[in-house]
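Reviewing the structure listed below.
A, B, C and D are the chain letters, set down in written order, and residue numbers restart from 1 in every chain.
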């Protein structure tokens, strides 16, 4: 107890248009800008298919949800998508309250999310 | 983060004079009385050979150290002993600062501690 | 901890984003001691986080000085938390927000007040000209909780 | 967080054992934001815990009312924490305590002040008749720390 209020952001590219962003720790008004920056950076480099791994996200608030929604809008404008991976029961509850469950695609694993993004891409 | 400030005390008897006390969580001025009560209870029932398992003790302060020292004194008066199991590096540091490393026997596992207590008993 | 009914805890923080986590953790510890279960503590953490974030982002907008004040009042079967900022306040009835029963628009804003209302048993915003904004939130200990240690 | 040099955080708590954890967690969060590493944060937690425990057990002995006040002052490369209680104070030079360099007696008491002195970079006790006891503790951010996020 003590150090998990920080956020660790890890990004990994899969192919020339797909990238994974793993968010470990707590996402709030102080830490979320880091995640936003990382995602904007990927967007600028042409990665419009994003997998956001929330498996190790222990806390998340409306600032974080706002940034995820904002990023989703941007990638969709570019014909891409953003899928969430493995949010905790807690985070699912927040997605339900805010009705964002109806907006985001949610997968259980990164592999699943990546496969679904690829499929989406070939369909369009 | 949030619930580990509580303490969970589990006791288990090994033979008619030996018992294990496992302390999980945080030991401070508020939670330590529970651990003290459990140990006094064992003493009253004739268990003078105690193994105190600190493997899951995430925090411990001078109140906790005071209770461990007090219990050690009591069991030694009865020809018994108290051995600590698997304190974290953090807790070892506090034992060193307070010089209590020179007072407590420390083992890595409950089995080791129990075996050492049995040996002490037969030697005396 | 029924014995501490009537007690209160007060926390004063600079109006900066890095301190919202301090508020969350302090209130979570108070709630733990009152015997709230983990799910309720998480609800409380999010609501307090939202109220503090608003106090900092909107209440203290522009002002680089000023502190926000958190107060926990421990009732027999409820925790009352107030968050005060020295800002200009707002009209909660017209503020931009998501409506729980309205149509979902893909908005990045207005989620904070919705979360506060949904996660707490009661909440109330009072803006007093010259005396800032006070958000009052109540979480009740459920019957099965309140056994602790 | 050098930008927040000069900021302070204040916490007021009832003089009851169940609130020591609230103080520990709040200060740990402040220290985390300042970039202290995990080992230093643990040191700070223990020292704050000891000071608050003393404030409650000795400073407020007998008194069932009264609050203890914690203050964190964020310096450029140090965190200064003060713990105040409204009690009668004591003479730190004669108080029962373990001496770091003395002979070990198997005592259950006097470990708290020893831990505060050992774990913090500096500490100081001021007792003012009629105005209680103030324990001031300083922890310096080490050169390799202070990078955060």
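In the analysis below, a contact is a pair of C-beta atoms (placed from the backbone, for glycine too) under 8 Å apart; a residue touches a chain by one contact, two chains touch by 3 or more.
Quick caveat: nothing in here was measured; it's all calculated off a predicted structure.
J.: Please flag the chain sitting at the greatest distance from chain D, going by CA centroids.
T.: A
J.: I want to compare two interfaces, A-D and A-C. Which one has more contacting C-beta pairs?
T.: The greater number of contacts lies at A-C.
J.: Determine the centre-to-centre distance between chain B and chain C, using the mean Cα coordinates as centres, and give it in whole Å.
T.: The separation of the two C-alpha centroids amounts to 40 Å.
J.: Measuring centre to centre with CA averages, how many angstrom lie between chain A and chain C?
T.: A distance of 26 Å separates the two centres.
J.: As a quick test, compute the distance in whole Å between the mean CA positions of chain A and chain B.
T.: 46
J.: Could you check chain D for residues that touch two or more other chains and list them?
T.: Those would be 18, 21, 24-25, 28-29, 32-33, 42, 45.
J.: Using the touch definition from the top, which residues of chain B touch two or more other chains?
T.: 1-2, 5, 30
J.: Enumerate the contact residues on chain D facing chain B in the complex.
T.: Within the complex, chain D contacts chain B at residues 17-18, 20-21, 24-25, 39, 42, 45-46, 49-50, 53, 56-57, 98, 100, 104, 106-109, 111-112, 114-115, 118-119.
J.: Touching chain D in the complex: which residues of chain A?
T.: Per the stated touch rule, the residues are 1-3, 5-7, 30-31, 34.
J.: Which residues of chain B touch chain D in their complex?
T.: Residues 5, 26, 28-30, 59, 61-63, 65-67, 69-70, 72-73, 90, 94, 97-99, 102-103 of chain B touch chain D in their complex.
J.: Hey, which residues of chain D end up touching chain C in the complex?
T.: Answer in residue numbers: 1, 4, 7-14, 16, 18-19, 21-22, 24-26, 28-30, 32-33.
J.: Any idea which chain D residues touch chain A in the complex?
T.: Touch residues, chain D against chain A: 25, 28-29, 31-33, 38, 41-42, 45, 148-149.
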